[in-house]
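Shared chain: subunit A. Partners: subunit B in the first complex, subunit C in the second.
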Partner chain A sequence: MRLWPAIWAALAAAALALALWARLPAGWLWPPQAMHLPMAGWITAGMAWLTDTAAIGPVTFKDLTRGIAAVIEAPYDAARVLLVDGITEGKGRKATVLVPPLSWVAVTVAAVALGHYAKDLALGLLAGALMLYLAVFDQWDSAMVTLASIAIAVPLGVAGGLGLGIAAWRWRWVERVLSPVLDLMQTVPTFAYLVPVLVLFGFGPVSALLATVIYAMPPMVRVTLVALRAVPSEIVDFADMAGCTQTQRMRKVMLPVALPDLMVGVNQVIMLSLNMVIIASMIGAGGLGADVLASLRRLDIGGGIESGLAITALAIVLDRLGQALAAKAGGVRAAEGSWPRRHPRTVLVLAVILASGVLGLLVPAVQDWPKDWTVTTKPFWADLMEWINVKYYEQLEALRVWVLEHVMLPVKGFLLALPWPLVVGVATLAGWRLGGLRLAALAVALGLFLAATGLWEQAMITLYLCGVSVAIAMALGVPLGILAASSERAGKVIGTVVDTLQTLPSFVYLIPVVMLFRVGDFSAMIAVVLFALVPAVKYTAHGLRSVPEELVEAGVVSGATRWQILRKVRLPMAVPMILLGLNQTILLALSMLVITALVGTRDLGQEVYIALTKADVGRGLVAGLSVAAIAILADRLIGAAAKDAKARLEGGT
Partner chain B sequence: MTRPVKLACRHVWKIYGPHPERLLGNAPTLEAIRASGHVGAVRDVSLAVGEGEIFVIMGLSGSGKSTLVRCLSRLVEPTGGEILYDGEDLLKASPARMIEIRRHHMGMVFQHFALLPHLTVLENVAFPLEVQGLARAAREARAREVIGLVGLQGREGHFPRQLSGGQQQRVGIARSLAVEPDLWFLDEPFSALDPLIRREMQEEFLRIQKQLKKTIVFITHDFDEAIRLADHIAIMKDGALVQVASPEELVLAPADDYVRAFTAHVSRAKVITLGRIATKGVPAGVAGTLPAEARVETVAEQVVTAGRPFAVEREGAVIGHVTPQAVIDVLIGRGT
Partner chain C sequence: MKRMTLATAAALVLSGGMALAEVKSEDPIKLTLHDWTGQLITTQIMAAVLEEAGYNVELVQADYLAQFAGLETGDLHVAMEIWETTGREAMDAAIGKGGVVNLGETGMLAKEEWWYPSYVKEQCPGLPDWTALNDCAAVFATAETGEKGRYLGGPVTWGGFDEERIAGLGLNYEVIHAGTDAAMFAELESAYQRKDPILLWVYAPHWAPQKYEGEWVEFPAYEAACYTDPAWGGNPNATHDCGKPSGPIWKVGWAGLAEKWPGADKAIRAFTIDNDAMGAMIAKVDLDGQPIEDVVNEWMDGNQATWSAWIAQ
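So, the complex of A and B:
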């Protein structure tokens, strides 16, 4: 089978030659005007129809959106009363507080109690310490606004996901309808969600919450479906034999048995909600995300870092508590006795809430952390950045220029010089080789879609930024994964770092990068690499670790050195896993790329961002779907390659 | 000795695949089913289970036992056929009626226990009663009763994961008996247990059955287990019944090589009953009277030690006698 490598090499050479020397007639380089379909216009018109005239009987679509908004607004207001505003009389600045919100003391004690309940005192103290951190560094108010959003978004996302997941489990057709929708939702970049929500619900916390819920729900649907399917069939049979009604079976058997698995989904909803609630500051979420956004726009370095660290603290608290609760689910239950005896922590927290609330009326420091006690690190960060920029400006600049000139720009130039039929053709050929006719057809369809959007140039720029970032992420991530798999200590250290990186909302990555390299493609690339590195490391390490011990021993017995075992046994066996890691890296890179529009890229992400600022649904959705098209194509191609590699390994050749 | 039929099925089919109903019209052969990309899990099975008997379904793994028993309880919807429970066709029963029947008349024990991990032993056993809406005090009282029956007193507060496999299956048995079912399905209840524990559980099972006299459909892939427990054995192969008979008939007259392969290594004394080796008439000076259903193995020592013949009676009437020589012949495999 020397044929195919030769064909690929010839294609590559031809592409290079075309890019370097050929003068292409118009319509060959980028898709001709005649091919463009005014999809953005259609979508915008459809949206206008929806908002202006659509109605089911007497209920107009506007009424529907108002209704949904009201359903979300009421609990959100309640959460804000509890955490942020208290019960007030009057409006705006003149408002007088009748009942204060929960004091910092109460919230911190509640965090400690929850940690203790979920796992142990150490976790409780960690959670408490991070809450204190928020108070000390004057991030309390913003953090509570964010927390209020999450407190509402998570139950809604979990309940919605659970409901849809259960329906998909019960009825095959629901699953068949949902499955492609979920696929699409998980590849459409976060920003693209914001545009239609913004148009339908306006600017404000309710829209932000809605976008958050929609974004965080798909994994819960999937997890629910998988968890319910994983309930042993004998247990389902037992429920039927016991004479359960459908509802009894679900409530008393399926859900409790699936609970530990379901909690994994809940944890995901929490982390995705946090991520999205930060991003949704662009349509009015407020809180820590709004602070970061404002700092980014003002290039206020210190402020940005402070808010970013606060988000990190909140993310760690939520992640650790969520994970501990997930691990605990299905475990031993509360002790016997009366309600207070069974719930000592709840009693304690309620007591502290009351006591600190009353005491706070006399001693304000108990209610609100005093301003005098806060510490600001803004000057420190500003000085540090200044110092770095003065001291290392030349080195940093040299690095930036070198990478731009020697790596990024050539790749960009190459991709932009390729005729579009060649690009679509190569993708199709790859699809055919890896996945047969179906995948080839998908490649043609998605390629033509991209050509018809009129966004070919932006798509190629997206491809270039994504390609370079992913290549660098893999170049860094795979060796790190190898290192992590090679020794326990390295594995622990790298594992902790990677886990923490993973909990950070994508926005946070922009802050240090912008400070060091300002705006532009290079900054975007660094942020994307940082964000997308995690799966490259994780999957590589996992793939290497799960090579069967017997194979390694066989290598050792036949006298192979460590290096030989790695190269000849472990790495080849881990290839399918590493390919899956590559797949995840690409998907994360694409989702981050859209967010880097904030630092001034010129790709599809920028299109979405502009559409967002102009509330132009058609433009935003078309660009968002284009990103989704690239993501889906990459996902299917690499998925097929991984399957192929795996089949070859298991086939023994 | 014929009992009234409690549960019967007629021409039951279960075919898995894209279009099972299309195949069914013309009684397809195994090959035809396979060739069309279907699986014939149960093929044209008809059988009758008498009230109070232990009816064992035996077959290699994949032969369709679990599917058949799930058709009998309608956990799996058969592709075709009739299931008659006390004369009522279950396949025509409404969902509400099925719930009713399962709540009050059927119990099932599962190979991997199927205990609910989030409930204690007591709550697990009380679960079928809870589903019926019985008050807590009443259902817990009943649950404690059956927990006592299976010898698990003192473990009511344990969670399933804190119990050994044998203990877990005792919970499964107690749970299936909590509603006092008259039809008791057991799908390989002891297959997941160690051989020693399995033996102990079989004894326990026979003890409970002596007390309760349920109508039982018991599934196993272990022929020794089958002949130990069964009044009747149905042997399955590729979804179809090969032979339905008493253990004794099965061993003495296997229908084909498939059945013969199972019976070849079984010691005759384990299955042959006194009724079969009894000779007519009763000589003077018998040492005592034995039931005709007793298996030779269980009375051999008694007869041989006595050194004298025993009278044999069936349903109160003496039908003949057995001599120590006849017993010894069976033990050493002479004759038969």
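So, the complex of A and C:
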């Protein structure tokens, strides 16, 4: 046991010495030119082949993808007719509305009814109130555009995830193929595959929808697989004995039993789809995402916050409704009688839709929330920003300079001075220690991949920015998590703040951060910390709360103080959970990199962003895969460490 | 006989329909929207004019440079603002490959240069002449740049040769690249509120030079030779020892446009608007917070004679 700490210490000392004094021959600091593989060129060429010449019989590949796009566009257009456009004649400015879309009254009543159906009136009123927020703050039209695309993206993501999950459950080889693909879908930054999607599926809302689905689907696949595995084998056997065919067994027995678990996956798809709203709006999805971007471009911070909170409002409505439906699923329905009697809410909603549609023709206020009734907080936010800026800039600037000079720049300098074989070697050694030969082999492979991309310097800057941000996020998040777990009230307050941070698009706070801290790494770091803080808090609180009461009581009986219980009982027991939180924090930090490229960082995220603006498929994917390589390596190493910690706790050593 | 007439009538109707389709396709003409207000206004005006002429128009969000892929294949049809200063290279490349044609100037002139707020002159009275910059490096310096002055450049993707300019002119400055123009102007707004010195890349037509009082730095005037020939200019050993080029903003379209919608092609080529009119409209949208649609409608109502002439061609 004493040997390994000594080895790590020696390695650290050697690294420091190398970074400080050594003058390395060329090819040792950064991988030599000879190692670089022109992967970007290969990918671009492959993509060109796919779009220009690839064909299945007489149908070219591009026709195929365009056909798929057309198929998806049809329901999307239908959703838009229902929520946004209505049925119109003519196009553009000259369009006249024949049948209006659903009025704000109808949609709000439908939200209340759905909440009441899913749980109780309180939930219904919450959903209704949030819909009213959209109307009062003049976000209605954009919110309905966003809702229309979410309404298509979520079913697509759920159906696709369910199908792949079932296939992976039934055939082992599908799972084996799918597993690394899912890893990539979750770790390659979205910007990296926007261009290929655009080329294949055309410019427009369909590409944005598909990019959203790619991003939001993986959790559904994973949840489906886990949920189906968790179905008790007795139930499966029983279905077989009853003479079910495979399809019947899946449809009538397994899926209903797994439904509550599956709804967790649905929930994830909804949340992730809303996370994509901003990025999707960059390639033509419109809606709230486009409003956030447009507001911030003219430095209308209040406008950005209002639109951003509208996204949060939609997320809360869909999330709460989804969770309530999940809790309800599996319950029994008992109502009897004629159809209208069994479905009073549906009848009510239909009646309101009809009534408000007709009434709206006479009283426009019923159809569209009148402009005069809208409220805005824009001047308040502008004044607040100016007040902070003028009054506290010097203190903030002092803080920025101190952190930059004492933390960020030294770390950056250190990482950039490390020879690359040492970095790969340390990762491999850690892999071997934590997860045996397999993990060591993975570390070598991913390290060499990074070396061969020719993006070593950007990868090291990525490591530095993420490393510092994750360290700060953990330093803030773990104490907050402890606080949240210590009392119910603190838990509620912190929980609300953290949930808002997670659904509020990071763009909304990126621009104010730049106003206070200038363009550069420090602003990027703050944005990453704000976003990546969430799992650190959540997992810590969850880990502390789930420590068995007997253990805590044993501590109390033996006379330990609160502080001692926390330090000696609760925290050690929560370590595996906190490590999982660290894992998620790292993944979120990496996923924020592309966004921070927008405030001028020079890391892999910037590389992906440049490739996006130049429509360079290969360059973007190579940089994206490099981010994925770092993410996967970190994920596996920490996962192995968590397993190790858990085993040690349970083994009692 | 009766049968015969019917068939003839059908043929007539058919051929009539086809003749019409040759002149004017009902398919929507796709115009691209980017992410700055001026371009949105230009494009929406063009769209409104084409709709007045009876065409179907679709507005598609597309990235400024990524859109050329779509224009080459005919997925997209018209891009209303390609700036000489930032888009020339991509435009020339696309035209070279075929599939894309230049539809002429918009009438607006793009200007991009180093810029500072007027109050900076109190601390650096030598401005706007560029030779004063080195004396004032300390005024613009920050913790990261040390003794060097800090110049906030545009996103890396905008190009602009500022590093080369600094080397060529021997300036004691460092370029810090903003990732987006929103981040860049956020810093300007922040510094302007505090009356702190700042030196950055500003371009026009844009709302910033309308909202903030300030001036462009005056570098040796740009000539094509300055960027290619080291011997040109004050520094005999370096290129880029001059200011940035300014030039027209171009309209660009898919090569098949003139064949499919000949009338629209002519109207788009005829479109012109000047910097002042555009600047005023941008200010209405970005500074007064008016919706773009309202500003476009107002222009359409006030300039009927102008746009009618474009369609009539």
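Simple rule for what comes next: the second predicted complex is superposed on the first by the 628 of 653 C-alpha atoms of A that agree within 3 Å, B and C clash if a C-alpha of one lies under 4 Å from a C-alpha of the other, contacts with A are read in each partner's own complex, and residues count from 1 in each chain.
Methods note: a residue touches a chain if its C-beta (ideal position, glycine included) is under 8 Å from a C-beta of that chain, and two chains touch if they have at least 3 such contacts.
Worth saying up front: this structure is predicted, and the values here are computed from it rather than measured.
On the shared subunit subunit A, the superposed partners subunit B and subunit C are arranged side by side without overlap. When the shared chain is aligned, subunit C comes close enough to touch A:N389, but subunit B does not. Applying the stated contact rule after C-alpha superposition, one finds that A:L20 touches neither subunit B nor subunit C.
Within the superposed three-chain model, A:L198 lies in touch with subunit C and out of touch with subunit B [touch as defined at top]. Once the two complexes are overlaid on the shared chain, A:G243 sits against subunit B while remaining clear of subunit C.
Applying the stated contact rule after C-alpha superposition, one finds that A:M282 touches subunit C and leaves subunit B untouched.
Once the two complexes are laid on top of each other via chain A, the angle at subunit A between subunit B and subunit C, using C-alpha centres, comes to 150°, given in steps of 10. When subunit B and subunit C are set side by side, the one touching more residues of subunit A is C. Of all C-alpha pairs linking subunit B and subunit C after the chain A fit, the shortest spans 47 Å. For subunit A in complex with subunit C, the touching residues are 91-94, 195, 198-199, 202-204, 281-286, 290, 293-294, 296-300, 378, 386, 389-390, 393, 400-401, 404-405, 510-512, 514-516, 518-520, 596-601, 606, 609-610, 612-615. Against subunit B, in their complex, subunit A makes its touches with residues 232, 234-235, 237-238, 240-245, 248, 252-253, 256-257, 259, 330, 332. Subunit C meets subunit A in the complex at residues 28, 30, 32, 35-37, 47-48, 51, 56-58, 60-70, 75-76, 142-144, 152, 155-157, 176-187, 189-190, 193-194, 207, 285-287, 289, 297. Residue ranges of subunit B in contact with subunit A, taken from their complex: 70, 73, 75, 99-100, 102-104, 106-108, 110-114, 116-118, 127-128, 130-132, 159, 185.
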